[in-house]
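Some structures to go through are shown next.
Both complexes below contain subunit A, partnered by subunit B and then by subunit C.
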Partner chain A sequence: MIAYALKRLVLLGFILFGITLLTFGLMHMAPGDPAFTIAEGRYGTDLTPEQVEQVRAEEGFDDGWWVQYQKWVSHLLELDMGRSLVTYKSVTSEIAARIPYTFVLAFTASIITFATSIPLGIASAVRKGRRQDVAVRVLSLVAASMPNFWLGLLLIWVFAVVLGVLPSFGAGGVAHLILPAFTLGISMAAINTRLVRSAMIEVLSQEYIATARMKGLDDWTIISRHGLKNALLPVLTFAGLQLGFLLGGAVVVETVFSWPGIGKLLVDSIMVKDFSMIQGCVLVIGATFAIVNIGVDLAYAAIDPRIRWDVDA
Partner chain B sequence: MHDRKLKKRFLGSPTALVASGMLMVMAFMVMAAPLITSYDPLDVDLKDRLSLPGPEHLLGTDELGRDLFARVLYGGQNTLLIALTVAFMAFAIGTTMGLLSGYYGGVLDMTLMRFVDIMLAFPHIILALVIAGLMGPGLENLILALTLTHWPAYVRMARSGTLQVKEMTFVEAARSMRFSNLWIIRRHVLPNVSDSLMVMLAMDLANVIIIASALSFLGLGIQPPTPEWGSMLRAGVPYLTTSPLLTFVPGAFIFLTVVSINLLGDWLRDVLDPHSHEIEAVVA
Partner chain C sequence: MSLLEVEGLSVSFPSSDGLVRANDGVSFTIAPGETFGIVGETGCGKTVLGRALLRLLPDSAMYTGRAAFRGKDILSMKEDELKELRGRGIAMVMQNPTLSLNPLMRVVDQVAEAYVLQGMDWKVARGEAGRKLYHVGIPRDRVRDYPHQFSGGMKQRVMIAIALALNPGLLIADEPTKGLDGEARENILRLLGSIRDHEGRGTMLITHDLRAAAGLCDRLAVMYAGELVEIGSTLDVIGEPRHPYTRALLGSRPESGFEDLPGEGPPLTALPRGCRFCPRCAWRQEDCVTGRPEMVEAEDRQVRCPVVMRP
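Let's turn to the complex of A and B:
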């Protein structure tokens, strides 16, 4: 276990290093002179060449990229991601202010996902091939095929425009959370239901289920005690991918509903070419995703010893 | 799988028939747009803005008085062009690199796989969003951004298949007979990994359509006035209360296309790759 954990942690370190390199590189591959962009934000559009040069010297754009990268990383380790090119606010504090919103949205969406996909997936697996199963499969395929921005707009139309019962944008009370959380939750639940279903079918075909049946246990005990536990294990391994789905989905859903999370911040920053803010958002999202994925790997290996042996880490 | 057997399974499956029928109708409507509608999707008519569906305009007109039906058909040309180009380029690049990397192994393989790890460390859409944002809007940039972020998944898939096939006796045999490596890859390795890659390609196509239209919806892809499903949706949002058709229609076209592709992909997976895990196809 320790050897496996070490391998995973080394990989994590490597991926985090890669993420910083990629993020740093992306910003420097962006067309245009960054010194010019920053100077423009600072002094307005009628710039003198001296002002641009001054910014260039201050920001150290004349140094080699490796020197710049080191400087950038050393600031990063002090949680200093620079200032927004547009609003001058500290990138770190701006992102920190947005994260709770994304967290609440993602958390609520996850609850919706699990509350619907586990019962539906089980019901579908237990009645495999019958009417309920077909209905659940069709429903999940339909929901999985809906682009979440469209689903969000449809929900807005029904609940905010026609029925007028829910707010369609912004953050506030619980009412503001309902539509975005369902939009995100429904598409994730669609995928999850299919996962739970196939994992459950797999488990129900095992010999220990047949044994339990022969012992005369009732269906409910078999499913909840023997089936569900074993079926959830493979489902949990995909928690990392689910998170990716949540973060990616949050970008779109937050924009549709003007929900002030990190996803909306990223999209808004891209629109105004606020490079330091984009950099910060990408870094935080990428790092969260990587850390959670490795954490899931480790947790899974701790629960199921078989996994430690057949991973080419 | 043998072609004839595949054909038989295809004709015996109502799902596959319905889904491919829907796709063909959709593709035909989009490709044959000039034959189906006489309206120019760019023709502005400010006197006839936001009109309701009627005999003159089948689905009504948009905020600039352009025929919605014509726009959604022509818009599909752009959406489908992007999706097909991206999926096939990512497939070709990823498969080639995965095959070579898995077969030869060594330092190159290690380097490539670590790079792939890093690329896949970001949720797909976020990397595509940032790259498209940095390069600026437009058709070519959108295709480039999406391709850049899509090929690594194929590398991983092709490589893991190659690693398995490489150990098999028939590859050993071919090698001992001094067949060239490239010949072995083409004749022995590729056919044995192609089934799961085809399934992935089918599923990915649906995914690319959604991501591409999402980027356009966010304002990073195709720019107005060029019609495209995602950017049409974006333009329709301010009129959601008064003319909801502007958002319903392009979204419904995306949805119907994606549903049919997913149905076909599901079917293809059951036939070609029955042991694959559900999630690989779903998340790919």
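Let's turn to the complex of A and C:
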């Protein structure tokens, strides 16, 4: 297990290195000129080419990409991601201020997802083909096919406009969290319900479930003690990938609800071509994705004894 | 009183090719303390029979006839009665232990669960399970391992420990030596021999391994294409087989020259009207194809072949 964990951590190192390369490379290939954005901030919109060139030389944009990359990474290692090209605030502290919002949103959405999808998926699997199962399947299909922005607008219309019971905008108390969290959680819950259902149906057809029945165990014990853990393995595999879905969804949902998380920061920065801020957001989102996926691998190994042994051997 | 009484039991499954008649008019009894063998080729319906007695078949299974355990009809049992029947009444060493053990649970817990069902708390049950595993030949330092860490023979031992721990009235062992050879097979046979309980528990040994059955069973039933074709004491059936299929089976045993039985059984979806063994039978007569032969009983032996039973 320890050897396995170490291997995963080394892999994580390589992935993070790759992410910095990609982020850096993408920013350099992206259309637009950061020197221009900076010069605009400094001298106003009425620019001369000389002013832009001066900024370019000062900021080191003329150096080779490798020199620029090294400089960027060495700052990065000190958690310094530079300053916003627009507001001049520290990118690191700006992102750090936004992360708790995205975390709370994503965490709440995940709770909603698991709290609904696991019981619904199991109930549906156990009553496969019966009325409850059909209802769950139809509902989850409908919910899974609704785009986040559309669902968000729908919820705003119902709960904020028509009923007037929940705020539709910004951050504040728990009330502000409800609509964005459900918008993000519902489609994931729908996808997960289908996943839990099919995993559970698969598990319930296995021979070790027949053994459990042969012992004279009751249905609840069979499902909770023998079925659930086995059924959650494929769900867990998918959970890492779903984080991508969650983070991507957060960008949309935060924008729709003006929720001040890192997704909204990213979109706002794109609007004003704030290259260093975009770079910081992309880097943090990418690194989060990588770290959580390695975490999922480790969790998987902790649950499934076959992994530990196969890999260590 | 018999422990198990099966009378005219038929089990069939609807399928796209028509009705699969997996068991057809099966009748036999098992007395307390008796070891009863069911032998027959792969696919003849042995596992279906064993699982029918525990009602472990899928919901699509259709039953007719009667099967009674300690006088109670199994086929009409409700869920709560089945919970009583399973484990304490009848336990089964499942075919294919690799698939039949929970991959995510330590083997000691899979055995301990049987004791927990009998009212012990987990701690005591684990101690008891460790002893039971040791008894079937699993070293003490391996009990906390997971199934994938064991060989096929060891997994079979774990499966046997589970069934024994349930302390059943009837133990069904489904192909316990399948997939094992050489020493592993001998060890399992020895273990099965050592756990026989001549007083109380009955045993039903399902196997395609005639020699295993001959060594362990008091009485034998030979199954062919979903029906029993010969039932008698092991000594009689092995020593003086009557039904042409039994004779052919014994002829195909490795130690008697391994004359393989040519051809294969009829598909269970399209059974012939007459004797099911007819296409492969060296003794067939013209009237064998017209009607299904009845079981004929003589001298403590039942044989489903009027030709060889003619006085």
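We adopt the following convention: the second predicted complex is superposed on the first by the 285 of 313 C-alpha atoms of A that agree within 3 Å, B and C clash if a C-alpha of one lies under 4 Å from a C-alpha of the other, contacts with A are read in each partner's own complex, and residues count from 1 in each chain.
By definition in this document, a contact is a pair of C-beta atoms (placed from the backbone, for glycine too) under 8 Å apart; a residue touches a chain by one contact, two chains touch by 3 or more.
Given the structure is predicted, the values throughout are model-derived calculations rather than measurements.
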With everything superposed onto subunit A, say whether subunit B and subunit C fit together or clash.
-> fit
Would you check which partner chain A:N230 touches, where first means subunit B only, second means subunit C only, and both and neither mean what they say?
-> second
Across subunit A, the partner (subunit B or subunit C) reaching more residues is B
Have a look at where A:Q68 lands relative to subunit B and subunit C in the superposition and call it first, second, both or neither.
-> neither
In the superposed arrangement, does A:Q51 touch subunit B (first), subunit C (second), both or neither?
-> neither
Inter-centroid angle subunit B-subunit A-subunit C after superposition on A [Cα, multiple of 10°] = 80
Is A:V161 touching the first partner subunit B, the second partner subunit C, both, or neither of them?
-> first
Once both structures are superposed, the least CA distance from subunit B to subunit C in Å comes to 14
In their shared complex, at which residues does subunit A touch subunit B?
-> 11, 14-15, 18-19, 21-22, 26-27, 29-31, 141-142, 144-150, 153-154, 156-157, 161, 191, 194-195, 197-198, 234, 238, 241, 244-245, 247-248, 251-252, 255, 266-267, 270-271, 273, 278, 282, 285-286, 289-290, 293
In the complex, go through subunit B and note every residue touching subunit A.
-> 114-115, 117-119, 121-127, 129-131, 133-136, 206, 210, 213-214, 217-220, 233, 237, 240-241, 244, 247-248, 251, 254-255, 258-259, 262-263, 266, 277-279, 282-283
Spell out the part of subunit A that touches subunit C in their complex, as residue ranges.
-> 206-208, 210-218, 225-226, 229-230, 303-306, 309
Of all residues in subunit C, those that touch subunit A in their complex | 51, 54, 56, 82-88, 91-92, 94, 96, 99-105, 113-114, 117, 146, 148-149, 159, 162, 166
